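As written, the chains take the letters A, B, C, D and E, and residue 1 is the first residue of each chain.
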Amino acid sequence: MASLTHAGSAGPIRRALSRFFENGAAVVGLAILIPILVLTLTYDLWWLHKPNDIDLLAMNQGPSSAHWLGSDGVGRDIMARLLQGGRISLLVATVSMAISTFLGFFIGAIAGFAGRFVDGATMRFVDLAMTLPPVIFLLVLASIVGSGIMPTIFVISLLSWPVLSRMVRARLLELRERDFVVASRGMGAGLWHLLIRHGLPNTIDILVVYATLQVANGILLEAGLSFLGLGVTPPEASWGNMLNAARATHVLENYPWQWMFPGGALVVTVLAINFVGDGLRDAFDPRSELK
Amino acid sequence: MNAESILEISGLTTVFRIGDREIVAVRDLSLAVATGETVALVGESGSGKSVTSLSIMGLLPRGVGRIAAGTLRLKRKTGEVVELQTIGGDTLRRVRGNDIGIVFQEPLTSLNPVFTIGEQIAEPIRIHMGKSRQEALSDAIQRLEDVGIPDPHRRARQYPHELSGGMRQRATIAMALACNPTLLIADEPTTALDVTIQAQILDLLGRLQKERGMGMLFVTHNLGVVAEIADRVAVMYAGSLVETGSVARVFSHPRHPYTKGLMRSVPQLGTATLLREAGTPLPTIAGSVPSLMDLPSGCPFAPRCPYRIEVCSEAYPALADAGEGQFSRCIRWQEI
Amino acid sequence: MSQEFLLEVSRLGKDFAPVAFARGPVVRAVQDVSFNIKRGEVVGLVGESGSGKTTIGRMVAQLIEPTSGSIRFEGSETTSLSRRELRGLHARVQYIFQDPFASLSPRMTIGEILTEGLDIQRIGSRSERAAKAAQALASVDLPPDAISRYPHEFSGGQRQRIGIARALTLAPELIVADEPVSALDVSIQAQIVNLLRDLQMRLGLTMLFIAHDLAVVEYVADTVIVLYLGRIMEMAPSRELYASPQHPYTRALLSAVPSPDPSRHANRQILKGDIPSPANPPSGCVFRTRCPVAVDACASAVPPLREGTKGHFKACIRDDLG
Amino acid sequence: MLQYILRRTAVGLLMLLALTVLIFTLLRLTPGDPIDAYVNPSVPISASDLEMLRTRLGLDRPLPVQYFAWLGAALMGDFGYSIQYNGEGVLPLVLSRIGPTILLMFSGLVIAVVVGISTGIFAAVRRNKLADLSLSTAAFVGISSPAFLTALLGLYVFAVNLRWVPAGGMLTPGAPFSVGDLLAHLILPATLLSIGHGALIMRYMRSSLLEVLSQDYVRTARAKGVREFWVIVKHAVRNALLPVITLIGSTIGIAIGGAIFIESVFDWPGMGLLMVNAVVRRDYPVIMCATLLTGACVILVNLLTDIAYAAVDPRIKVA
Amino acid sequence: QTGKTIVGGFDVGPGGFQGNFNPLTATAGFTWLNTYFEPLVIYTSDLSKLTGALASEFALGQDNLTYTFKLAETNWHDGTPFTSADVKFTLELAKNAESGSIFAARLADIASVETPDAHTAVVKLSKPNSAFLSVLSQLMMLPQQALSSANVKEIAKSQWWSTKPIGTGPFKFVKHVSDQYVEMAAYDGYRGGKPKADRLINRYFANPAAAVAALRAGEIQFTFAEPDDAKTFKGNGSFRVIEGDSYVVNYIGFNQRAGIWDDLRVRQAVMYAIDRNAIVSSLFGGAAKLANCGYVAPQLVGKDLADYAYNPQKAKDLLAEAGWEKVNGSKPIPWLTYYNTPQVANVMAAVQAMLAQVGVNVVPRALDVPSYNGIVRSEKWQDFPLVYAGLQNGPNPGSLNVGLNAAQTPPSGNNIMRVEMPALTDALNTAMAETDPAKADGRWQKVCKEMNAALPWAPMWVASRYGVVSSKLKDFFWTPAPGGGPYVSHPEKWDLAP
């Protein structure tokens, strides 16, 4: 009964989180991420410039006391655009993450739990989605649905779920044979019960990690799409379309603040999210439960 | 060092670092293995048996486990006596596989899945006996034959997963014996096996040990196995050696309440029917094995002990000499 | 209640086909197995690893479908049930697992684990379910505060108790216990065996007790079935089987068990060779390749399971052995 | 084995068929057709001038007719003519681009694999030491940097400013072919391409090796007296490579069509560039053929990965 | 490798047409085509008038219908002489839509082509056409001996164009490596003299920025450059920046069928709301001319046009009068463009902000060319209520006709904004029929006036375009002509300093 003398009873999620907070890099990631989130979400309350206010008299100016991070080619404040862009990039990344996580989980879960036939059919579908050359898929999809925030979200979500489906399916195929799931089936559990009571909690590590990394991935994909001119359309700011400016050599060379700040923000944010994701992976790793 | 001993452990204390705490996995363990002798180390899961064998081999996980105290003296093939806890690097490497062979519990996981059986057995032969690849391989086939594997030429070319459990365990034994070590450590070599296969392996080990006159440290948790194979037995509980002596002595007159309880709680073939028909429950040891993270003060067995008195939970008992080479870590050993 | 037998298994067989899209031999895990269990009886199923014990247990518990043969529960055939009926049957047969670590979901509290079956079967209200869970917990000697804890906070023996409690919540009539003690520490095994035996007698449970530890089976079971490569070798009342084993395999098995009693070591009989692969079992008697007394005839036909003395069956053509 | 390959091939062919239907449908849902791509809107061309061109290309027929016409011809090995490239045969065109792409991919992959695996091993062995931390951080930065940004900066720094390497293309135009020239053009894009993959491989290798190092058979190797160096290189690395092979396989699959950023920044005449141009120009025959070919490559690579996996891991039998 | 090799990005930017080798389907790319093919007539290097190329002399008869061309004495690259038969062959092929020619509609007025002798060609039109010679300037002469055997219907798909074309220009085709470059060698027999460069290479670039990078890296000697990139070369002694008029008027096109632009006051309000001066001086760095109609050339503009000077208050008032709140209010109006340059993105952002100030909510959206064309040629008015586009307005002022004449409404023409303004159509028809150069300007001024008053589009400006040349490249001539020309550029004189 020795182990019963432990005080309190932390659930698996709480334990994972406490492991997470022991991970230095992950905490650093979080420490970077939280201020970025707070800043992007609140900037309009405290920053006097608006992201789309043009000032043709103050174009391409370097950082100054008026424009902390300088101004862009139409005299918009880079700081305001950076923060608004962050908001948009994070919005796109988060929403597309939610959609693709949802799709990925359910498709993978159904393949994993619903038996051979469904599994085979679903997985061929997933294979197909993965065989599609991403460039063509992206370009074509983007020209069909157009560009802008919603289409970008749509495109990114559609591009990303198959990977998750595969992981979820693999986990559930294995889970299906695990004793506690067998026990549940032995008590008469149906598909829905298994999915919600066992499938979901036991893929939570995959989901959490995927979701985190997918946010990072989403930011990168958005940037890539915008770079190709397909993502979030200007004048709405996003980190990707701000970076697009660096394609012009003169901007790259003469107005480094116009791309360095969004580029830096993007890399740092993605890096921080990756740190967090990696920390979560370790924290939620089922093997760490054994220790 | 005693003339006959190959291995003399005295006062071995091994600790593990877990987070910012240290746990004592083996505490003040003294034990000797003589040439031609089989010593069994028994105890329940987590009692420190494997840690003891790993300590001897210097294979404690780096940065996590370390020998905190004690000496481990080994008489090498050359007759030279070394202290295993102090030598390191190359010398230790030359001891491993050459002077000491070890067989692990899980034959599947302790064989490398991507190399053939032959290659894996040949490896220590090449390292320690300086033979060529070809020679080593034919030696390996010879070793496979020694451990009773039929058709050793074919088997040598196969991968671990292509062999049955018993066959794999024979292969790991062949590997441990490849360089004719003077000491064999067998860490629960039969636990993962079926009884009929276990009987084969025990028979094999017993025979090989006699033939070669090796010393053998045999780790197990099965008292039946101890009786089958060992000359002397050492019983561990929660990291401590609680009782040691010749098998005959300990089995007929256990001097520690844990040993006694353990022996009684295991149902015996033939007698179990009587118990069932009489409706008597099996004798048990109350409670469960304590976690090393929070060992009780004093005697670790005290909370479960029917002979417990107050002092038991105050002081860690010393190993008391019960005569005829039998020792017990119980202050009331005489009453048992 | 008029049925003599709670469970009647006849000519049960199970083949495992290779997984989807892969090729490979069919594994004949269980072949032609027939036995009956009376209400309140404990039947022990012993055999070495891979002999098909778990497969039989799972077919009995309706966790997998037999390839052939029939399983009758209280006289009614179970292999052709509708989903609804199957769910009802699931409540009446419960399973206890070998591995106390794998059998409890690490993501659920003990309370959730114990009420899961009641939830699935939609039995009782929330509070009734909680009460049943608490009662089950008490019956396996665990403290009530365990209800809000997670499995990792318990030792192996305690977890096995929880697994037993879970099986009890649905008040089953038949329990399939699949090696319930073999993963446990020696000093805990006896506790769990006692608990199971106690519950069985107190609640009048019928039990299929699977184990490879012959001594434990001897203590628990009224009738013992010895399996080898998916087939029954010998089946007899426990006392008979241990006192006078008839089949050469049973004898070898009993003799191979290591014992602290040195007198038993002397006439030890060690079987040669390995268990053949169930994907490619020997012709005729599956044991003949390792049998010390095999004769040519053993290879030609599968020996039928014949009743010798009353209730004592064996599948061996050699009647000439003592 | 042969049967396995045949079966996989059959499934693969069905998949390709589905792929063509999918792409065909998607393409026709996009606004604009090849003729629309042909005219600069600021050039005064009247629409009637373009109609005949449209008819010439058969774009006025109903969609299913066009699809089956395409499929029928494709099954005969005739993939038609490129619209944008003045009637170049599609198949030779696409094939001529697959070489450069494979060259780029392969070089990038070789760099990524060599660097990724060796640093991965190094980091795992030096777990949590300074070397590990800095390598891991570098890998994280590599994973976190958008490919187009590194490509742009790389081009700007190494080609435009330092002039170490040419600023794009695969060969110096007009110059006779020389390996040195090819390598000079190749090195920068290949290196930049390898960053992301290399970083990913490094991370995988590190964690995979860490896992393997805790396996029993590694302990067994030590117990045999194997030198630490060989314990890692011989016993651990080979096992640790298994998951990395899968990763590399999936990377190739994705990368074949995905090197687009590098190809477009460096004007590398590969599939990525071809496909982007084909989509922008609505060059249907080229898109169809390229999709089919990259799809086939992905399927082939997946198959090869599975076979390679079986070759490295004797436990796995493809059958 | 010996000899001088000039490498350039001659097909970069809006004047180029990478990968097109068939002059019959060329809408641009004449800068390059002109190095190996030649038309009968060509614009002078300042684009002010037409002069002879393969036609050493040309004249329009009194009937305003008969054109007589005296042909130059020269040979094709394969050595066969160039004759009037080639002219007849080329014109007939170009007029035949079956060949996939995009000149068919523009050459529809040709009634006959006669060849009185080997060095004279006479073309008769069915009705006067002021744009005829201008069209001919883009029609490269093709060798009859090489193409007459080909099936006309297959000619558009022929590989001849990109493998072994034959022209009369100063350079001979050597090879084309798709998506990489086209290589030419000097044609020693060129009638204008042996070219100074031995080889000429046209490198292909995915975008102007890549070409600029190559230029800076010293790999090429010339390329088109985006205005902002061009700026960075200013004051750099190793490069020369060429600036010139683009001849493309940029406008905000009102979809006349969208319903929301019906009221002239709304269109005027758009004009007043945009501070074009500020945009030109800041975003264009002054390198653009304000347009108040489709033209900026002084001889075409005329006097007393409304100047629509920036006046946001007036714009608001006009909108209020027109009941804009009811017509559209603040609903977002998609604003399409096919320009994907950073400069245009900035311009549109600025305009968006200015329009937002007066209560017109436009949302810019940049598309690729086919999507844009596909959308604006469709009938779904709500998809393109507003565009930002350009249309060539010179050197032949008749270019605008295709975009504004009611008769040119798709599918027949390119009047994508569906402008149907009878007065404007009349003015255009009159001007198009005027073959007398002396009177033509006046006619076009009328068109301009009409545009200025009725605002079928909101005309914005004509911007400058830029090329950048390495100073090693001597005697190089380039000007940002629409579609790349052609104009007299003397490629045979281009030379490379060591």
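Of note:
Definition applied: a contact is a pair of C-beta atoms (placed from the backbone, for glycine too) under 8 Å apart; a residue touches a chain by one contact, two chains touch by 3 or more.
Everything numeric in this text was worked out from a predicted model, so none of it was measured.
Shared contact partners of chain D and chain E are A. No other two chains have as many C-beta pairs in contact as D-E. Ranked by separation of Cα centres from chain E, the top chain is B.
Chain B and chain C have Cα centroids lying 32 Å from one another. Centre to centre, using the average C-alpha position, chain C and chain E are separated by 87 Å.
Chain C and chain D, compared by their mean Cα positions, are separated by 53 Å.
The multi-chain contact residues of chain D, meaning those touching 2 or more other chains, are 30-32, 156, 160, 276, 280. Contact with two or more other chains is made by residues 21, 155, 158 of chain C.
Counting partner chains per residue, chain B shows two or more touched chains at residues 288. Those residues of chain A that touch chain D in the shared complex are 124, 127-128, 130-137, 139-141, 143-144, 216, 220, 223-224, 227-228, 243, 246-247, 249, 252-253, 263, 266-267, 270-271, 274-275, 278. Residues 30-34, 36-53, 56, 81, 84-88, 93, 96-97, 155-156, 159-160, 163, 166-176, 264-267, 269, 273-274, 276-277, 280-282 of chain D touch chain E in their complex.
Partner chain D is touched in their complex by these residues of chain B: 57, 59, 61, 93-98, 102, 104, 106, 109-115, 123-124, 127-128, 159, 161-162, 172, 175, 178.
Residues 214-217, 219-227, 235, 238-239, 312-315 of chain D touch chain B in their complex.
Those residues of chain D lying in contact with chain A across their complex are 11, 15-16, 18-19, 22-23, 26-27, 29-32, 140-141, 143-149, 152-153, 156, 160, 253-254, 256-258, 260-261, 272, 275-276, 279-280, 287, 290-291, 294-295, 298-299.
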